[in-house]
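Read through the structure below, which is laid out as structure tokens, and then see the notes.
For clarity, chains are labelled A, B, C and D in written order, and residue numbers in each chain start from 1.
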């Protein structure tokens, strides 16, 4: 077959539609991926609404994606230097072209702030090639970090983690959890849910979570939270009291904010004990200002507050390794998934926006309903 | 002589007055200090105004203090286990009774958040004994961490650093300065001035400072700032531009906020480069809320923001060691000092409040004017 | 009853014998503990053999100990400031008199190197009071850090961890394990066994262990090791190859040496990947020199090698918290324990020395056989 | 001119000789450098002697090199993205082809252990092009990290630092020096000398050094060492005593081993205080095994020992920035330099091997004697 179907957002504010593209010619050391599953994440909802700057529409969304290598031209190697072969099941780091040449890459060693980085399905548009996962095939450009998914890996569990998983691994790395800590996770969306399981895996003795709606509260428990508060049933003051009751009156040792509302960033500081650590990972888009008290919330508390932006290959690599482990990946197998065909992409976006599903996936091979 | 003169703040909002106290009886392993110099710091202005909670008036202010051991009962040892002798010149950590028994001391290892800690001249009142430096004699309670000031030490330079010096050492330790960093210091009061010299000493290649008034701008240069902006002559936007011009358009690698105004805490975040570090040490008292943007100021920036509260013995020990070094202590010898007798304590407080002096000292042996 | 039976090692090289002591008078803020279980650890074998310097014989061994508070004089508080009551089940940090006044405590913040620290059952002898757990009662001196064991805590599992548990927590803290690491544990004695479970709990994806004899190899699996090599069946070269086969040819990300033989310290370096981390915690006593190659084993490898000495209250506190958690403490419930009465203390030491038991406990209330 | 003279080591063990090469054709985004100064370092002595494995002879030595861009094809950009122009004075990171694609680059983030890295003048031979600095011209391959040397920079001071400077920056970064530390530097070759100045710059209050011969002892003082011991006049025991006398009997807080002899690695551990830090950076080549005592030297001391291998762009960038600062670069201007023409390369190697000069430079434009 020489054409490829893809779901495309033509312009900011317009619904996705299925379009047909010619199968791409492969450059040296590139490949064509037969897409099995791609994800629908909160960012995709923002992308359809046109809320992100710098997005080159028309856009084929779908950043974290799994599939089989259909065609390789030249060589594709994993980080161990092993050549990948046609037929291999793989995924790939959605971040491309981190330059390894700029001040942020080389001096600050903060590659997630590299100005050259491009993200499949977000900052690569349809004019850049088949660079999004909501398509039958995806073009793996030269230099893409491809990583095999072995047969032991549950691809659906891996996709349940999706882009939230490496993001949460980065956040948990920044949190510096110590054996025996009480960790509070604010927000029970995909990043918060993964953070719950990862915090436990990293030595937290108790994980508390605050989130909504009921569906996600339940999912938080399934991911291993010891105690979950439904945020819709508690005022901010009640939430604070709920945390203090569970932490000897001190607040959490570590709080991971994965909620998104600006107030959550301030609550994260307030709900944490003196000399504790706070990671802010939920403020992916700008929802405006919020007041805080630098004396009480930061200085007198002797607090560490750490922003955590994106993820790099190391986090993605570890995400794949965790998902290749039957025991460690178990929490993610408990998450309810909903699959949609390409033609149902708008339905998927609507369901994610409405919080009706824990995780929506695009399955380009699915029959149209 | 069996009576001791001290300057006392009788109650919140009242001026200091000189009172006479009986010379104390010494408990086992305590001592009487013949005070040479004590300091007047910004906190003392707040204490007279009654702006701090939990202060047991009447109060003899004066926390960091230098003098000679007049009488010792039992043994007083330094951290090397060496016995101190009557006649030795010493200073002491103004923080007492850090308990080494509570969760903060023993598990969090954050002794500056120990609820039992008491501070000479602030949370010890006159009813707790001669526990403040604005007096002819000071009572060194058992367990006070006393440290000798050798003859090579310039006591006036040490007092020029005063309580701000260990506070700034703690802040600079939290800043994690790397060789070659550009460090921005916001605020040119005592903590900011010490932070400038200490940042240079810790590997900063360039130190930028923003402060006021002109007197302190000049002092900032004397402490080693490479470039100083008078904050009264620049809007916040102009200050931001001034920093960007000096940092390849990125912002400082490290910013130390020692200004006190709540907005300074937010500017500290904004004036720092992505993936940089911010230390908040100037928000010693509560001046209310301030709005910030968790997305742009923290999360997307991948920033580390660290509150720094008080100081512990390790910082004080290093402060004394630095001041015993002729070369390293030089910046502090350049600071203009003004000495006042006990009877002139209110004048000293007025001058500090008005920003007329860089550093005011109380010299209990000074003749009344 | 006004006399107390205790097992005592009278002098270096002599067997333990049961002696009778008068019940001690309590100082202010001290207590008498009715001992339920105390431990027999490898150190005790050395103590009977007289291999440690600075031990004040006659000695009542038994450092980590659990029991009930029989009598309290004054007040005993936990780190939360809560008063303990007679009848409470407790344990206590065996390290006493860490001074919080010396350079190591206050400046280096390395309290496990404080020269004043005393350890119950090791550096407190029988002449210092009933300061060892191999006795019907133990005297809790003022200032001892006592911590309640709640009813949910399985005291036998806690004692199965024994002194090895906080030691291993300290070692794992020093190891800086990152989510997804492969951790190698050398040695399957008590510290190694606890390190296996704790490494998993701290984010290790795979834990490899090398030890002996068969009994302990089996226990290593029970503690959660993914793969265990019987060290008696493999030459050092074969062990190295075994590790490389399981780590993409690179070596472990982190190695925790808990073996004791000097060569194990060098193997720890060799079996670890470049830029990895090694913790040396097994070299508790001096077994002589061993050759290593500073170029190949350390410098070219860009390795971090970290000695880990003893443990402090924070590690002990977390040990108790982990053991109060049903799920987290499970691995320790799987360890085979052997209890001995006071009169059987030498048998216990013989069995430990011969590696016949995983963990031996002294139960002072046990009937003589 | 279309030919280029270069000093070449034809094969292991043979003397360098001057050969003529054709001027290279430039690939896209490469450049030709008109060499002003290149360095002779200890490695070059080993290269002539044939002591390093994996070196592709014939070899044009000279890794750290400064010169002017004579010709550029395409674009050459610095880390700020600014295009360099013909005529600019520059230097470049001698490490090339760090892959940013392997496990060490991407997961371990230890790029100095990347198996693909190539070093100009060491692992690039003459058959790889004009890839060494002992030549009139050097070929800057695409992807080489080029950095401008502004007019304020003293090129001779920069070359006095040479490759030792970024190596020492890396070592000092690994050392984690805290304000007020006593730092001991073992070895007063180029890395040791730079480490002395950098340790002072990073907050060391006192820097002690042990080295030889007299020429270098004097240079150590010029670099800022407070106290220097001539190693030829003291036994290892006397050296140990000398350190203890200067550190309250404890040993240095931090020791940087830059000596090379295997015993120095062990002395570094012994001369450091408990819970201190040791950096091993001098063991660049294999000089065999040495015995140490894992109990006394590592475990009981609770020591951190850190190998430090090579340097990456961040260290080189900071090296250039330090050298562009008049005050900070001053110590290096005090080092005696000796320049040699291409024809005198063997003399330069002989003088370096014999320790007759502090630093030898190759000046390809120098008249033959």
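In the analysis below, contacts are C-beta pairs under 8 Å (C-beta built on N, C-alpha and C of every residue); 3 or more make two chains touch, one makes a residue touch a chain.
Bear in mind that the values here come from a model prediction, so they are computed numbers and not experimental data.
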Exercise for the section: Specify, for the interface formed by the sequence copies chain A and chain B, whether it is same or different in terms of residue numbers shared by both sides, with half as the dividing line. Expected result: same
Fill in the blank from the handout: Set C-D beside A-D; more C-beta pairs touch across C-D
Problem - Cα-centroid distance, chain A relative to chain C, in whole angstrom - result: 41
Exercise for the section: Please report how many Å separate the Cα centroid of chain A from that of chain D, as a whole number. Expected result: 42
Fill in the blank from the handout: Expected list for chain D, residues touching two or more other chains, is 80, 103, 248, 317-318
Handout entry: Residues of chain C touching chain A in the complex
Key = 80, 169, 172-173, 178-180, 198, 201-203, 205, 248, 317-318, 321-322, 325, 328
Practice task
Enumerate the contact residues on chain A facing chain B in the complex.
Solution key: 103-104, 108, 110, 112-113, 248, 250, 262, 264-266, 273-276, 280-296, 298-309
Exercise for the section: Show which residues of chain A lie in contact with chain D when the two form their complex. Expected result: 77, 79-81, 98, 100-103, 106-107, 109, 145, 312-314, 317-318
